[in-house]
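After this come two complexes, each holding chain A, first together with chain B and then together with chain C.
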Partner chain A sequence: MPYLGSEDAVRELRRALSNPNVQSDQLRYRNTVLKAIRAMSQGVDVSDLFSEMVKACATVDIVQKKLVYVFLCSYATLNPELSLLVINTLRKDCQDPNPMVRSLALRNMTNLRLPSLVEYVEQPLAAGLRDRAACVRRVAVLGWAKLHNLQPDAEIDAAVVNELYGLLRDPDPVVMVNCLRALEEILKKEGGVAINKPITHHLLNRLKESDVWGQCEVLRILQRYHPQSEDELFDILSLLDASLVSPHPPVMAATLGLFLGLCSGLPAVSLAALERVRGPLLAACGSTSRETRFTALCHIQLLLRSLPGLMGAHYKRFFCGYAEPAYIKQRKMQVLVELVNDENVAMLLDELKGYCTDVNPETAQAAISAIGRIGRSYSDRCLEILTGLLGLKQEHITSAVVQTMCDLVWVCPQCSDTVCSALEGCEEMLQDSQGRQALLWLLAAYGERVSSAPYTLEGFIDRVRSEASLGVKMELLTTTMRLFLCRPSETQDMLGRLLHYCIEEEMDMCVRDQALLYYRLLHCGIEETHKVLHGQRSDPSLGVLIGRPAEPINQWAYSFNTLEPLRQAGVETEPASRGSPEHVTFDPKPNTDLSDTLNCSQIEKLGTPISGQLLPFFFAEPLKFHQVGWGASVHSHFQISPEMFNRVQVRALAGPLKDIHRVVPKPLLCYLGCVLRFVVLLEDEPSPQSEVQSALEHVFIQDVSVHCCIHLSLNPD
Partner chain B sequence: MISQVFILSSQGDHLIYKDFRGEAGSDVVSVFYEKVTALTGDQPPVVMSHGDLHFVHVRQGGLYWVATTTSPGSSPFTIIEFLNRFSALVKDYCGSLSEKSVQMNFALIYELLDEVVDYGYIQTTSSDVLKNFIQTEAVSSKPFSLFDLSNVGFFGAETQQSKVAPSSAASRPIQSSREQGGRSEIFLDVIERMSVVIGSKGVVLKADVEGEVRVKCFMPSCSEMRIGLNEEFSIGKSQLRGYGAAVRVDECRFHQNVHLDEFHSNRVLRLCPSQGEQTVMQYQLSDDLPSAPPFRLFPTIERDSGGRLLMYLKLRCDLPSKRFVVISALSQELSSPDQSAELKLQNRAIDWKIPRFIGGTQLSALFKTSSPPPHPSPPPPPVGPVVLVFELPQLTVSGLQIRFLRLSPVQPAPSQRWIRYVTHSDSYILRL
Partner chain C sequence: MSSSAIFVLDLKGKVLICRNYKGDVDMAEIDHFFPLLMQHEEDGLLCPVLSRGNVHFMWIKHSNLYLVSTTNKNSNASLVYSFLYKLVEVFTEYFKELEEESIQDNFVVVYELLDELMDFGFPQTTDSKILQEYITQEGAKLEVGKSKVPTTVTNAVSWRSEGIKYKKNEVFIDVIESINVLVNANGSVMSSDIVGSIKLKTMLSGMPELRLGLNDRVLFALTGRDKGKTVVMEDVKFHQCVRLSRFDIDRTISFIPPDGESELMSYRINTHVKPLIWIESVIEKFSHSRVEIMVKAKGQFKKQSVANNVEVRVPVPSDADSPKFKTSTGNAKYVPEKNMVVWTIKSFPGGKEFLMRAHFGLPSVENNELEGKPPITVKFEIPYFTVSGIQVRYMKIIEKSGYQALPWVRYITQSGDYQLRSNV
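Now for the complex of A and B:
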């Protein structure tokens, strides 16, 4: 951001730089150059000084030279002609007796990034490869990679490539590693540097000479190597064993990555390697650097997928520290949930209970939902804690507890009695839409057992005019309908009022359509309504958390030691921030990985018991639409080309599917069985027999035997 | 492979920006700052993406140290470790890490970056190698202060204070030793971090210690250094040595330059320290501390008839009676005038500060809520845990001691060796 008077500053600097008095005084000259660079790094555009800087480059003062080069490399691309003037100085410096000056000149010559200068650079670079100083060779080797990337289409000089291969035997380890890096870039089209047996063995033997960074690079490149025999493989593994428990997390991670790659056919060996890295990984979890801690935690989560018992005995290491940031606390809680077993459950729950009252509401919510997840296996203890938390009468805690209970009863119907009795009277404490939606869903499912349910609903209906959340309104409609089915005398009146309001006064299309749908459904008779609305209240098949099968390592090995585990973190916690789910739009792209994680067998398993579910499609013609939000479920049976559903928008996710968390990657948590609503808006007027429609019907009926109501021609206002 | 490295102040000012591969423009700096400040507290900020570009950052010294990369397959461990190492280098060269010191030494930092990374590939971060290349002098940001003179006695006589290095002695640029010539110093720090959870009944639920031995060397050239640890030092549960009280750790890791040939027999580490700071040894100890935790709390919580909260806290320090400086957090009504307490509404916590806490004594505090709670009959609000934040100088919880620190061959110039011990609280939680 250029600040006021930056032009003056530049003019001032130019005057100073071209002042012969300044130029003759080395210190003053250097300080003036320094000022220019300072202005540059503060964001002032000082490119006008280029020609003065070119002159300043010809000096014996190395500090000044370095400063000028920083400037020249930043602005060279803007001044290609003037840069030509620098080349002479640089080429002269390449002959300097001081190796530091030579390497400096060579490095900056290649950093100018001007294709027009390539012809002047090649000769010094070639000489640099044979320089007697290692620091010059290091620079020269990488210089060839830079040249190649400047002209990616130019033919690769076989002589240079050969020389680089030869330099793999250079006595300097950094030159060796740089050769690997340069060859990897130059030969990218051919799949990178050739990794054969002699090269591999050479690299492995010299591994110890390199520093941490060199070792990581070598280990990464060696992942492409395929040992010819099992003996050779085991030789390599035992050679690398010391690196596996290296105190440096980068080396440890790179070695494990290589182990997993080499042993992809030998799961037992891979598992043993995971056991070996337990110590170093735990140490990284206790590192002073938060970021290292976080990275280690994310990778431990990966490892736990294949070896759930790996950290069982060390659960205390995952207790949250007082001053840790929320994102680390949440990761730790996710790990703790995985580590639960009969011995430690009491300690663990006690610890988690302590986090529930954390000052940070997000941490508190994460702790509560962690308790809920443990509750799937230890429901009594967890319910006791959860109901205890309701007694605190804190808004965010109550909301999180109700949401957690809602998830819990879906998996463990045996909890429903406790939950029903706990629900009484907590509606006053619920302020956010997610919490109220969860409460409504619970009332819909267990309304006949909560004596105050109609009064609660009445309160909601009285306030419906001021209700802002679409999700709550939709949920309210469904709940009132379902409660009407089991307690008609108490609810008939309020249902009438609600439907009247929604159909006559409500502005939101979605709510209106939903209300109209219910209205027509009631016309069809109570039997029909019952069939459609009486959904399932729980899904025991969703499984217990503990004792879930260990995944094969290959499922995640490719993402080990990449940025992916850390980024997935982002995706997963986003819904945890409980953004309103009703307008979530799935891009077609994320869907591809969704369908990877959710295979259809799971959906089919879920599908059978839930016939009689509601899955309305609304087709409204004039709304411009390009979206097919193709949820998550059906990809393999889906024969029709996806372009058909350019973009489907998931407008509202009702039922316990209030939280996208369930749909996104974790297969265990996908409550696909319930009421998943797609609002499909088509650009053209669909004919009733249109291909799209029949395809949808086909798909849904085949995969999840769902009752599919399609409403045509709802007149849009 | 790193595409760019930049340093931002916490206000988003651009301090340092260097592009190594020309894959993205400098406008991403602002993009990064917008992204990182828009995150809510629970979203992990470490890795963020903007199109094809991935930002990885660490926070050190109140600054953002950011590296960008275009390949999602880059190792996060490597990049984060590199950023941490780079910030440590900057600290070594500039003396301290702050917005000001980075601003003043930007030329030095550009020079460092130039040598450390070439074309996005990390070349070296060893200060031994770098010292041959780095030419720029560090600019010290410390203003002249009269207090510096207080160490000089009348007529230049040695005072008591001049025999003790001030705590800031180690935070100066490593290069200055080259000019000042005389001050070739070595600091050996044993730093332990405790994380302890004590349950409401006084039961120790968890007690972990993470320790490290750090060497900060200001000698331009140092030959070999020998560090002797306690002879009873043992690693793991099974291995016990000697007859006295064993000093035991669960796991121990050494810097790769440490020679361990004398370690097994005599518990001596040999190494040639490079200039600047490095961690020689890291160790950890879980659950089985050799001594009881240093602080215990005896709380009494009552409610009077009006629902007011009365909290009486008695904090006992179970350390041998030496003098300890304790900076402690939580609660108020104080038994001595130099303590203070403050109610922090934002954190909903009471901050009880005890400037000095003598071992073997106890302090007490009484806190009362003055207004009755708002609702007529509310459930008692829970009182959160007490968290202690302290620093125990001259003490290691594990009992690790340095027997000796020898330089061989004996240095020609007089060298000063400082050995310091300190235990910090990483997270010391006492449940009520």
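Now for the complex of A and C:
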């Protein structure tokens, strides 16, 4: 952000910096340098001052040196030639009797990040490893990692590696830990630093000397160690027992991670360790730092997948405070849902009910959907609360309640009577598209029991012209069709109007195609239509909340104590807060990130279709298939044959329309029973069905079989 | 953990200062942070991790600053947050108050600190006591050839320098307990716990050895004594100076203290305590006309103790007007910007009961917006008293020069997160 007159300022600074009078006066010289740095911090481009700053580097004033180094490191990559001049000063400083000066010079030498300077840096770095001051050795050790990072393909100097291994025995604990860090970086291709028995025991014995950061590093790296005997394993475990209940959450988490890694073959020991960390984990949930609280909650969710009973008695610790941020409240509610049992259900629901009127609409919606989830096991109590909430006549609450009911009846068909009677009269309160879609879905499924259904639909159809949401229009078509099947006399006229509008006037291709599809379907006769449209109304097999089998720990152990649980959660809460079966147009969320572990494992997990895992939904904008994410195979496939998908629309279609579409059980919180539907419009000669299918299978997870129909006659033009 | 770069941003998302540690994430990525934050906030999906492509921003907010760490690795999140909080802690110790201005005014020191705190994405020297020995704000004063190496960087006792001298050797011990209480609208206590901390202000010469004795139940059980009141502490956290191995073996708290102020230990006690100040409230809302509030506060602690500076904060609807108050003691004040009545009682003896009545008018046009139900919160301080009953039994000070030193102990109980939900 250069501000006006920045050029003048730079010129002024250059004049001052090269003024011999200034240079001879230490204080004035430093202040001038300071001005330059201040300008740099404010976003002024002061790179032109590089040569003057190089000169300013040769000074006895340490503060000035530091300032100049900050400058040089920021602009070195722009001036590789001039940077060569600095090297001499830096190398001279490496000989300085003052260790602070030596470490400063060494650190900045490696921070210049210029591959051309590597040859000048190696010698001082090698000397730095043998320096008598620990602070210099600390810098030198990491310096080697930085060099390697600059030239990742350069050959690894075995002598340096050996020396670094030797320095693991350095008396200074930070040097020791830095060695581990550096070796991890340098030997990345070989799988990181080699961990054998002597190294492990050495590191464990010195664990206590390190600070929190060092301990976490050591514990993480030790995860790779395989004890040679059970005795050794138990020795290690008992040595680490104190760290397991460490009051520092990061150390506790790192220790638990190590325990889980070491005991992967001994589930009983892992479970005991989890029991042991309960106290510290709960303490972390009450930490003053919200981020720590959030991280702890995310990890508790992870643990609950294997040990649903872990926190049962402590459910009150997950009650929300009034001023807590929404992301913590929502996470706590997700935990609360997992903790529900016969004893606490009344208390829990009472608490959740209080959150339903939260000022933050997302929190309120999350609370309502949490009640809906509990409703799968305690449907009467929850339906009572939900219908009570409708009486508040608040738009966002009504919408969330209808969406939640929609999910609830999908798994608990016995609730349908209450739901049907509650639906009367709530369409006026529904403003957002998700809520209206949910209402339409319910009308489609239980239209014959809601006496006012045709009138509600009529209202929708009268307003269809001004309807902005694509999803609502699609849903409206399906609902009207289905209602026509069960109440033909009342609906026939409006169905005709709707189809006419959608086919003749509607601008959106998808709606029009859908309408045409239904129109042709009706031509095939009522029997045929019935067969296609009369889908499943519920799937009770998905509804079990209590007594769900616990997952084995190794399902998630790899991601424990990383960034992943925090992010995964983010993906999961999103639909939860939004609601319900609907035409989901998922944001193209890139998921090719989190390089270390996230990708492959995720795909494997997703591959098992019915096992209750998370399924991805792809969304692609017309004419551009972008960010299908979830693994490289997708991208590569589309690079091979892009012509096949001239236009791809992917969406989760509300309602279990079974036949033409592929049913995907969607265990994403409230997303049960949605249908994933593709419409692939082929511009050129239609490809053979098998080809399309194989392409779709690539887009999809490998072992979900894709049911595919090509409607050649879809496009009337 | 691995942090590619650290940024300090102001409230508008402008970078005040930054440090690129690894060079594997483009520094320009930070330009996306603030728009991303705004967008997530709007969608109600704000979260301490924000991602764009394969760059992840982990951030915390402190006063009017955002502290952001970028990474493209699946790094250890809890460690990154700990580090960001460590930054806040160190900066606060340097500048008293960490805010935009203090960063602007001290950016030389900030650069120096960022350089020492982390290298190549790994935390290095993070102890502010050590840092203060060689990075000083007086560094701005010119002093050539200064900056000796602090002995502590290589010393065995990294938190204390040698050669400290005081004329009068004293140590002040503060035992502070905060009470967190959550009471439901129907008057049942949902949760309560005590968070305690023992703070030291050490003014001792040389390298003294200190030993602190508490009425710790585990210790008493170990030594076979069972006299008097004892306390069970959970989640005990110590300053790094305490010899944990000794504590693990025989529960002795022995240490060489850092000079000046420090927190020696903290603990949590998870027992049900009677809320020290009990509030009963009746809030009656007559739509379109008025709100009537009656609050009764009762001191549920010993008669000898006195709670000071008690503040009872009662929420009122945002459209309330023309307040009228009546109190049996203290003052009530309407704070319209926070939509609450603050009832202040300077001194509140134990066992007493006080009453406050408030009356507000409501406009005839009803406010349609949904309002939350904020709880009643209470603030107070009770000196010379700990709710858990923890006691300092002795503090032994041994220094090789053999001087006599005086320990001073002070107890205080205060409100932490003290909430009572109201029914309106």
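Please note the rule applied: the second predicted complex is superposed on the first by the 594 of 717 C-alpha atoms of A that agree within 3 Å, B and C clash if a C-alpha of one lies under 4 Å from a C-alpha of the other, contacts with A are read in each partner's own complex, and residues count from 1 in each chain.
Throughout what follows, contacts are C-beta pairs under 8 Å (C-beta built on N, C-alpha and C of every residue); 3 or more make two chains touch, one makes a residue touch a chain.
Since the structure is predicted, the reported quantities are computational estimates derived from the model, not experimental observations.
When both complexes are superposed on chain A, chain B and chain C clash. Shared-chain residue A:436: touches no atom of chain B or chain C.
When both complexes are overlaid on chain A, the residue A:332 reaches neither chain B nor chain C. In the overlay built on the shared chain, the residue A:172 is in contact with chain C alone; chain B does not reach it. Contact with chain C, but none with chain B, is seen for A:98 once the two complexes are overlaid on the shared chain. When the shared chain is aligned, chain B and chain C each come close enough to touch A:67.
When the two complexes are overlaid on their common chain A, residue A:27 makes contact with chain C while staying clear of chain B.
In the superposition on chain A, contact of A:107 is made with both chain B and chain C. Of the two partner chains placed by superposition, A:14 touches none, neither chain B nor chain C. Looking at the shared chain after the overlay, A:373 reaches neither chain B nor chain C. Note: residues 34, 37-38, 41, 43, 62-63, 66-67, 70, 74, 100, 107, 113, 135, 138-139, 142, 145-146, 174, 177-178, 181, 211-213, 216-217, 220, 247-250, 253-254, 279-280, 283, 286, 289-292, 294-295, 316-317, 319, 321-322, 325-327, 351, 354, 357, 359-360, 362-363, 561-564, 566-567, 570, 573-574, 577 of chain A belong to the chain B contact set and to the chain C contact set alike, using the contact criterion stated above. Considering their complex, residues 13-17, 19, 22, 40-49, 54, 56-59, 69, 72-78, 80-84, 106-107, 110-111, 114, 118-119, 121-126, 132-133, 135-136, 193, 195, 197, 199, 205-206, 208, 210, 251, 253-256, 282, 284, 286-287, 347-349, 375, 378-379, 381-382, 384-385, 387, 426-429, 431 of chain B touch chain A. Listed in rising order, the residues of chain A touching chain C in the complex are 1, 26-27, 30, 34, 37-38, 41, 43, 60-63, 66-67, 70, 73-74, 98-100, 107, 113, 133-135, 138-139, 142, 145-146, 149, 172, 174, 177-178, 181, 208, 211-213, 216-217, 220, 242, 247-250, 253-254, 279-280, 283, 286, 289-292, 294-296, 316-317, 319, 321-322, 325-327, 351, 354, 357-363, 394, 559, 561-564, 566-567, 570, 573-574, 577, 590, 592-598.
Note for the complex: chain A touches chain B at residues 34, 37-38, 41-43, 62-63, 66-67, 70, 74, 100, 107, 113, 135, 138-139, 142, 145-146, 174, 177-178, 181, 211-213, 216-217, 220, 246-250, 252-254, 257, 279-280, 283-284, 286, 288-292, 294-295, 298, 314, 316-317, 319-327, 330-331, 347, 350-351, 354, 357, 359-360, 362-363, 366, 391-393, 561-567, 569-570, 573-574, 576-577. Interface of chain C with chain A (complex): residues 1, 14-17, 20, 22-24, 43-49, 51, 53-56, 58, 60, 71-79, 81-85, 107-108, 111-112, 115, 119-120, 122-127, 134, 139-140, 142, 144-149, 153-154, 180, 182, 190-191, 193, 234-238, 240, 244-245, 248, 266, 268, 370-375, 417, 419, 421.
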